[in-house]
Amino acid sequence: MKKKEWPLFEVFIRSKNGLEHRHVGSLHAADSDMAMENARDVYTRRAEGVSIWVVESRHIMASNPEHNGELFEPAQDKVYRHPTFYDLPDELKHI
Amino acid sequence: MNNKLYEYLLMLGDNSMILGHRLSELCGHGPNLETDIALTNISLDLFGQVRSYFQYAAEVKGGEFTEDTIAFLRKDREYRHVLLVEQPNEDFGHVIGRQFLYDSYHLPLLKQLTESKDETIAAIAHKSVKEARYHLRFSSEWVKRLGDGTDESHQRMQKAIEHLYPFIFELFQETDIEKEMKELKIGADLSRIKEESMTTIGEVLADATLKIPESAPRMAKGKTGIHSEHLGFILSDLQYMQRAYPDMQW
Amino acid sequence: MDIKSLEERFNERIDAGESIEAKDWMPEKYRKTHIRQISQHAHSEVVGMLPEGNWITRTPTLRRKVALLAKVQDEAGHGLYLYSAAETLGITRDEMMEQLNSGKAKYSSIFNYPTLSWADIGAIGWLVDGAAIINQVMLTRTSFGPYARAMVRICKEESFHQRQGYEIMLTLANGTPEQKEMAQDALNRWWWPSLMMFGPRDEDSPNTAQSVRWKIKRKTNDELRQQFVDNTVPQADYIGLTIPDQDLKWNEEKGHYDFGPIDWDEFWQVVNGNGICNKERLKARNDAWDNGEWVRDAAIAHAEKRQNNKVVKKSA
């Protein structure tokens, strides 16, 4: 019988209040309670965070890079979504 | 008075130091990386406390004393820790059992010491109490995992508790110095600690499906300097450099 | 797309300096090379805990103790980051542990040398970490994204390691004659193995060309080794220690130090398992893993029980 391995978790940390959580890495834990403790011990040894999220890696749905063309390229020519698309006189302020 | 305060600081510091030493022996040898890192964090917390206690003890003592002469240059009889913390790392069950039993005492101790009339002790306790709260959480969770895990882990954890539990009573036996410190409101009241500690132990062991041993308390006089045979070997490691190369800067 | 055009597209991305991510198409050899290299790197961190860990209980002061504990612990962290990077390529941590424990996988040979005195802790921090940093800084720009990101994190954390080691050497070199001798003896023993850490000479390193092509490595073994010598010689001079190499001298024309020949027989002897501590290192890793098995199993069993209890409570 193949041994059961501790599942892989992804760790997200908010480095200080006001900022978003960012992915910092992964670790193994038997369950999410332990993953939280391990994340604290592994990823905040240098006071890197004020809040931790952990999620088991298998619950993350990732986009397929083979679909990158249809997923992301159509957005590239939508220049009218960006402020620089609109011509306004330079002397105009606060707009 | 100063001498008694000094002795009391040794009791506080030595427990943290010897327990931290035992944990530090495991660094690089844990059951996996995550657990290895977690145990080393606890060891680092404990050594941080040791430094605070001994720096203050050196100040109290005056003269040539430093945190390092206090940590490394006493004779075995002058160490004031309890026998529980010098018990060896028999297996991970013993490591966790020892940690849990000590944490169940350490947290209520530090909670009381935050109210100490001695401002330095209160300040050290204020910082350390958060560490101890995490340690207790960590060790309690692991006692439950191992107690209520597999048959093998249950047996090993029960065996570890059988061995270690009789040592906890020493923690609550008041010495003259502890009595005096309590009366001066510098030190803690051990009877109050005992109550909280025994409640924690009862709850966690029950959750862990472990039995509280019925064996009698071990005869233990660590606080007055009589230790088990383990201490000599601990000190031969701990003191090696300072003894082999005396009076040098490192 | 057929394999050939996928491979062309992949090479274009490499040439353009793009990062390759785990789910991207990659040549099988690129994947395998990475699994091997990243896991070897991780093994080196983990085995690297042992020679230094050997001195944790014997540090001369409390300040040195917390620094060393934190440093060795960092190495566990770095092993963990690297194993995680390798796992994105479809190998599990347990599989990698199995490769290490069985002796199938390699790790940096330097850790098969013994730590004989306190000064060795200084020498390892100064020289071994110094050599490792040169390699690791290069790897922060490696083409495989998860590896590069792990390296960024590791380099940030490692910055104190070399300083920690050099400070120990500095203190010893400024200490009593006995202490200075201890420092010199450590330098004598660790110098040549540190130079060997960069691997065989370029002409004897068949994988280098492919690694450079794929931007796994951005410099060759000999280039990195030269950089290490150039960095380190002035640091030895500064504390009055002598590098054990009679041929060592500044070459004005090249702007580099010339140094003597490396004993490659010794290198291969250690690589092939016959160093002073190869067997002991492997045994320590196996013991830790085997003695931890019941602990890891218990945690899984307990987690399953908790999960079942939750399900029962919900349905009740």
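In order of appearance the chains are A, B and C, and numbering begins at 1 in each one.
Definition applied: a contact is a pair of C-beta atoms (placed from the backbone, for glycine too) under 8 Å apart; a residue touches a chain by one contact, two chains touch by 3 or more.
These numbers come from a predicted model, not from an experiment.
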item	value
Farthest chain relative to subunit C (centres taken as mean CA coordinates)	B
Chain occupying the middle, per Cα centroid	C
Selected pair, greater C-beta contact count between A-B and A-C	A-C
Between subunit B and subunit C, centroid-to-centroid distance (C-alpha), Å	34
Where subunit A and subunit C are represented by their mean Cα positions, the distance between them in whole Å	28
Between subunit B and subunit A, distance of the C-alpha-averaged centres to the nearest whole Å	40
Subunit A residues counted as touching two or more neighbouring chains	6, 27-28, 30, 33-34, 42, 45
Interface hub residues of subunit B, defined as touching at least two other chains	32, 34, 37, 41, 145
Residues of subunit C touching at least two other chains	70, 73, 77, 80, 296-297, 299, 302-303
Touching residues (chain side subunit A, partner subunit B) in the complex	6, 27-30, 33-34, 37-38, 41-42, 45
Subunit A-touching residues of subunit B, taken from the complex the two chains share	32, 34, 37-38, 41, 137-138, 141, 145
Touch list for subunit C against partner subunit B, complex	46, 49-50, 53, 56-66, 69-70, 72-73, 76-77, 79-80, 83, 118, 168, 171, 175-176, 178-179, 284, 287-289, 291-299, 301-303, 305
Residue ranges of subunit C touching subunit A (in the complex, touch as defined)	21, 23-25, 70, 73-74, 77, 80-81, 84, 87, 92-94, 150, 153, 157, 296-297, 299-300, 302-303, 306-307
Of all residues in subunit A, those that touch subunit C in their complex	3-6, 8, 24-28, 30-31, 33-34, 42, 45-46, 62, 64-66
